[in-house]
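Shown below is the structure under consideration.
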Amino acid sequence: MSSNPADERYRRGAAMRRKVLGDAWVDRSEKNRNAFNSDWVDFITRGAWCDVWTRPGLEPKIRSVVTLSVVLALGHWDEFRLHLRGALNNGWTREEIKEMIIHAAVYAGVPASNHAMKEADEIFKEMTL
Amino acid sequence: MSSNPADERYRRGAAMRRKVLGDAWVDRSEKNRNAFNSDWVDFITRGAWCDVWTRPGLEPKIRSVVTLSVVLALGHWDEFRLHLRGALNNGWTREEIKEMIIHAAVYAGVPASNHAMKEADEIFKEMTL
Amino acid sequence: MSSNPADERYRRGAAMRRKVLGDAWVDRSEKNRNAFNSDWVDFITRGAWCDVWTRPGLEPKIRSVVTLSVVLALGHWDEFRLHLRGALNNGWTREEIKEMIIHAAVYAGVPASNHAMKEADEIFKEMTL
Amino acid sequence: MSSNPADERYRRGAAMRRKVLGDAWVDRSEKNRNAFNSDWVDFITRGAWCDVWTRPGLEPKIRSVVTLSVVLALGHWDEFRLHLRGALNNGWTREEIKEMIIHAAVYAGVPASNHAMKEADEIFKEMTL
Amino acid sequence: MSSNPADERYRRGAAMRRKVLGDAWVDRSEKNRNAFNSDWVDFITRGAWCDVWTRPGLEPKIRSVVTLSVVLALGHWDEFRLHLRGALNNGWTREEIKEMIIHAAVYAGVPASNHAMKEADEIFKEMTL
Amino acid sequence: MSSNPADERYRRGAAMRRKVLGDAWVDRSEKNRNAFNSDWVDFITRGAWCDVWTRPGLEPKIRSVVTLSVVLALGHWDEFRLHLRGALNNGWTREEIKEMIIHAAVYAGVPASNHAMKEADEIFKEMTL
């Protein structure tokens, strides 16, 4: 499946996405493109990864904290797992991520952080293997 | 109203709260203590401002981003206004806060960031006067 | 405006609503009925106040805790104010409501309970006047 | 304040925004642009009003239902008021909007629809004056 | 298990539920009734499927959009899968549902629509088999 | 893994946690402690189980209703399962819990209670085995 046009926004978004999420994850996602979801992947590559993530006003490392905090608060766990890896790629340590999760408990409630700890624990174990 | 015990957790929390939110805000809050809300103020001074904010693993500047992002995502606007001032006190610029709000729109939706822009715009105008 | 049919569900719901929320509140609401909102008032009188609140399996006092906890968690403040008065009518004290709000902070986050404290404080002041 | 570049995405988004929200609302918003919020207005004009609203796969009338339903569910009332006017402009009647609000109560809970009824009632009264 | 009384509301609700969700789904649900959940199934058959879905003011096809949009926004994925099939039964195409999901991303955030795309993709694959 | 200090808050919180959740659950959780999650377990043992649950103003039975209602409303299902067992330990019957779930549907929406019914049904079946 290769419907994505090679316009400038798409190219810049695809590069940023690959930089943050890593080749393994992006390759897998691209392999799963099909007639139903391809428009969506194009849409977020341009609208999120280019239009927002490449803006110069904030370094990617800080964008990772905003992202993780928002998705933890809203219980978007697919996205949390994804951006947890992105946060490590962008320079955060596991210890710092643990602190973000503890901190978030005050504002998003203990259950959100409790679940985030489980997700992070599992992902860190997978990465250690 | 002065029910707050001078234990170590309370003292450390009260100091952190004053450092992040500023004397003007804390003085006003303390003046509003009464028989109904005093336990609550003691509770968050110890449980949030001491037990979480004074933890060494993450600098207050980063704690401000986590806080702002979570409360923006959940629509807690009282808290957003409060911690917007805290974020400035902890070293973020208005331009960087604008970028956080734009970034959060991808993950929390445009309406949350749209409202956050209005709140931030009003607070920055008040602070300029 | 008096479109509400006098069927059994409506009558039982209207009686429960009046018992929990009080005459003053219901009289004001009924006075505000108009061509746009009248269907809605009929709908909740039957669907919420009769079909749910009059079920025998749980006393109204406990239904008030469920209600307050859910609307605090979801930030429905109109409904929180309304059901705070209902909770007092159903037998809870101000001290117990304060404890519910403090307890909820663990699970819904500090900002939700912080706002609930403000709302409760204002309502209790109004009621004291 | 006139930082918005006249690129194609901006022009198409601005036209759609004006068509859905009406001149009065857009003129007021544009007058409120300033150094802080101008990037944001440009961002949503391109990213929401052009990239999403002008997509051919769904008529604007249906986009209005999706929008109203999502913002009602999430309690984004600024956006609800705004898009309520947009829904009328896109061909929905007040009666149909009332039905959407009643329907949404099943899935988003009674308090969300209760508040939506109040907002809609106020806006419809303003428009009748 | 067959505790459901054959009152008018129950009969009309059961018929609408069957029409929207299809026999296969309803048969499976009815087979899972037991002493614990039977009251609940009766409750939603009357309160949601009769009292709301059979109201004349809005055709079922539009009710499906409201439903899908609300549950996508709130992350109720069991209900999303259920009503995705209902939306197809009520006349929407897969392409139109894709557009609704892309549209919702603006208002509910990218992660909600990202997960909705996955759910829809899986269900459409199951249906094709 | 045994990093938890034996201070007074920790001891009182651990006792309350064991009383509400039961030995089986707590033993399993303690066995899963590791370098990453141990701080978190200490944090909630003190901050939630001691500082909040042991407060004298509200009996644990009522704290269970507040907890269940909040986590049902917010869709925190790990926590719902956990505290469903806690609610039984604190004196609620399965019938009463069913009523709480039906009641919550009015305020949190049908999908939240629909999912809660499934979770409760599964847990009650496990407990019967």
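For this structure, a couple of remarks:
All chains are identified by letter, namely A, B, C, D, E and F, in their written order; residue positions are counted from 1 within each chain.
Note that a contact is a pair of C-beta atoms (placed from the backbone, for glycine too) under 8 Å apart; a residue touches a chain by one contact, two chains touch by 3 or more.
Source: prediction; values computed, not measured.
Counting hops only between chains that touch, chain A reaches chain E in a minimum of 1. Counted as hops between touching chains, the shortest connection from chain C to chain F is 1. Taken over every residue number at the interface, the positions common to chain A and chain F amount to under half, indicating a different-residue contact.
Simply put, of A-C and E-F, more C-beta pairs touch at E-F. Chain centres here are Cα averages; for chain A and chain B they lie 26 Å apart. The geometric centre of chain B is 28 Å away from that of chain F, both derived from CA atoms.
Taking each chain's centre as the mean of its C-alpha atoms, chain C lies 30 Å from chain D. Counting partner chains per residue, chain E has residues 43, 47-48, 70-71, 74-76, 79, 98, 102, 105-112 touching two or more of them. Chain contacts here are complete: no pair of chains fails to touch. Residues 75, 94, 98, 101-102, 105, 109-115, 117-118, 120-121, 124 of chain F are the ones touching chain E in the complex. Here chain F touches chain D in the complex through residues 105-112, going by the rule given at the top. Residues of chain B that touch chain F in their complex: 43, 46-47, 51. For chain E in complex with chain F, the touching residues are 34, 36-37, 39-40, 43-44, 47-48, 70-71, 74-76, 78-79. On the chain A side of its complex with chain B, the touching residues are 47-48, 52-53, 55, 57-58, 62-63, 65-67, 69-74, 76, 79, 95-96, 98-100, 102-108.
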